[in-house]
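To start, the structure itself, in structure tokens.
Naming follows writing order (A, B, C and D), and every chain is counted from residue 1.
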């Protein structure tokens, strides 16, 4: 294997030098204030090596990347019954589209568009108090990343609570089809808060290790999910992880990945490494502009594409 | 590696025994007459081993699988300029939907839905006579499969010419947006004919070898496309190769693949093998029912999923 | 003119005898409990004659018919500026569709689909407390019908508050586009309550008189709106008053009309009469089945169609 | 009645003076070449009075206005069975949208959008040769207008034949659902030709008389259709006659009307008059800009709105 440390540092430098950075998400004031020049990357390989570059230890709002972990939790709770309440096909629509929901009777297309992730959150909540569900999600993140310092950015969560009318529309719409079981405000409360989890690239790459290694934490050997489930979550990340830019990400990067509007991307090189990048500027599909470019460079130089 | 021959034969026997076979496509009389109990499989590995089972040498109508090869040809002709005329995102719609075309001004979502494949065919045609374009496509198939015996089922082609009103609608619709350059009848003539190419599983698996081996024929060493292009075609197969069941195929099988309504599927295990299966009965998304199940069994037993 | 009294009584008898009654709306328990055999009709002509038949004095939930009166009030408040927040084209979609809203950036197609009526209610609310806005609407109804006994069925309103998830989705969706100015819960509170106004056919026909007579109450001579505005409200009732069955109503009845899922219809014969019918069973488009048939019979016998 | 002649001449002069004229349709070269300053108007009242203004005797391409007459003919042929092949609800979509067709299995929403008019033309053709069907349509126009000089602009027809890809898409799409019975090229040939009929305002207003007078030619007393059918055609004109601007036309003009992209509008004042206006510049919905304004002025001054 080429020198991972060197390649990661090179990429971080190249990204810092680029003038094109995309547009920082502006729909929440708390996100809009982030430094557009930030760039971080962390790669954790199966043998425990951690290669970092740039702002790899600066926490950012993981936003939709949290959907990977809530999907994992919900599958752990109710298994394949989850697929009665959410599909697993690419949506062909922007992340917050409500059109698809009407055509398909309130069943979201996949767990990574907003509607789908709200339905998944509803499964985790499942009759409990929002506080308990949120505690469970946070403990899961601590366990995966082996880092108890991961927390929620309450200002971001409060801002989404105040302004998240479109998500409120999606949730009420699904509720009208009885796809949600809990009170809409409870489910949305948990949803807004888990999207507001703040993590650094290093923490995020650590948390993603089980997906790269057959469902196990390669350091401790603890099993998080079965190998088959890890493969399947990776498959959903590949086909649906970047909203309406999922095809583009597969085409250019060639790895399963999940992006968030905070500018982060978690990518999985199966059998090799868990990777996190962060750059706040977004492209037209709402995915990190430099994040995608950095991952493309990484997989090319390391030959990590799953497509050959 | 486990005994490939044995596994392939086992799967062929298991599939023969199953009572569930899906529905044979009925929209063309010539396809409707196919024996629903047919099942074939062929796996060609990088070292030249060919494992076959069932009706592996019976030719069938490859239909949309031809789109993989026409995409390869069109990229060879005009490179990335192709992407001005067709996208590469999953469509979230059935294979013959026209709704997406209206929303996106006549640009098909990807080269594997009908509209996209018609646009790709128009690029290959590019001012030539239909007969010449068709000859070029056939010669390409002969070259890839190293088999000059591959031909077109004229009865199927004539049947589609006569009844393909929906494809005619798609083509005229794109023509109204000037996405097609040639006369609609010319482009459709070539399209209907290349969909009517008849191949056996063995021939098809041979033809797909370059996608499994970095763009090269592993037997001759001849390069068909660059390694990057092979990866990218695989990526599009993974995200878009099974119409509105692409997510499901990725989730269950975990390989890039392309299906046709004739009941065939070409699947690629990068670095390992090119695989073709055939069973005429289709599922609700228009993909071979047993073909998908057979591929799921194969990847599980061989550990060939690209997702870990 | 033929004997209006006689014709109205005949129609009431014919309707009572018919076995086909449609389906009573079931989405609110309070509506589902209504007697499906109820039928009422009231016609108030310009000279003050009131012809009634059947259950003409039984109050029912006017539901969407209230949208005619809230539209009138909102136009009185802000005039043509209203049309910046709601269109006036037929929707081509069911009454509670959210698809159109996404395509047109949160602007509802017309004031008579649910989304449009919620936007209109938001204009009436305009910074006031829900209680005040509701009081204003009720006083307007008392004034129009010259009947202070008209009130709100609080059980129906409470039921809609509890179960109106789809309307809540529509309202939040519009709020995300800043089409609503007030807190969503305030606007919806007023909306659910004015839909829950209970009126008899007699009261409703009295309230509609101004639309039949150039904007004036023909009994008192008081002007409610200008003649031009009365004409224009009638035009919107004709093109949009029966959701996705508006074309059918125009084709068969030939009068401007507005239906509600409570089974009522208010119809206007310009220059001649204001008409209210009520029969709780609905057709597939959500409009009163016998109500439409009764109105068709009435306009045929009286030659009142506006189309010649 | 005010002086009809005077009012018509006044309106013609006012329209000539206005600087805003809309955009002349450019999709056919033959239409694009028309003088944007042309304006004509003709009003034929029940007593035979003909009031004209401006270019009332200049022939123009009636385009979609022909759909009123083909609808009348098709209803004469197969009566209400026509409604199995086309609906009668407003479409909520642009005139050439194909989206609605997919959602409703190839059944066009109404006879006045392009798809619906093509289906109606197919009914008239009904196994005959295109030349015969076209002859029948022309003879019907001669009969209605009492003018044997009405003909087809062959240059316009040929141009549409050559460029009408979108209509070809619509027709093939319906053919795929078996909504059309004749060969697509036959049906489209007739369709393109009847849209290319050239008539002056005077001829058009004469041809529309039967719709204003209970289905009869008021001059000869000959019955063209039953009074009920005349009313119903008027109702469809009101709700569907101006594509996605039908609501606007009803709101502002208050008469049943049908527009064409050639800039003509036929409007019906039931019991009073048949009216034709022509001004080639179109508004955003594809309807004559000054034509609509002229009709609004006319109905206001004469009090002819059907809405009171």
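We adopt the following convention: a residue touches a chain if its C-beta (ideal position, glycine included) is under 8 Å from a C-beta of that chain, and two chains touch if they have at least 3 such contacts.
Each chain and its UniProt protein: A, B, C, D = Glutaminase.
For clarity, every value in this text was computed on a predicted model and none was experimentally measured.
Graph distance from chain B to chain C, where chains that touch are one step apart, equals 2. With steps allowed only between chains in touch, the distance from chain A over to chain D comes to 2. In this assembly, the chain whose C-alpha centre lies farthest from chain D is A. Centroids built from CA atoms put chain D at 32 Å from chain C. Note on chain placement: the centre of chain B and the centre of chain D lie 47 Å apart, centres being C-alpha means. Shared interface positions of chain D, defined as residues touching 2 or more other chains, are absent. Going by the touch rule set out above, the chain pairs that meet are A-B, A-C, B-D, C-D. By the touch criterion given at the top, residues 87-93, 100, 109-110, 211-214, 227, 230-232, 234-236, 238-240, 244-248, 250-251, 254, 256, 268, 270-271, 305-308 of chain D touch chain C in their complex. For chain C in complex with chain A, the residues that touch the partner chain are 97-99, 101-103, 165-166, 168-173, 175-176, 184.
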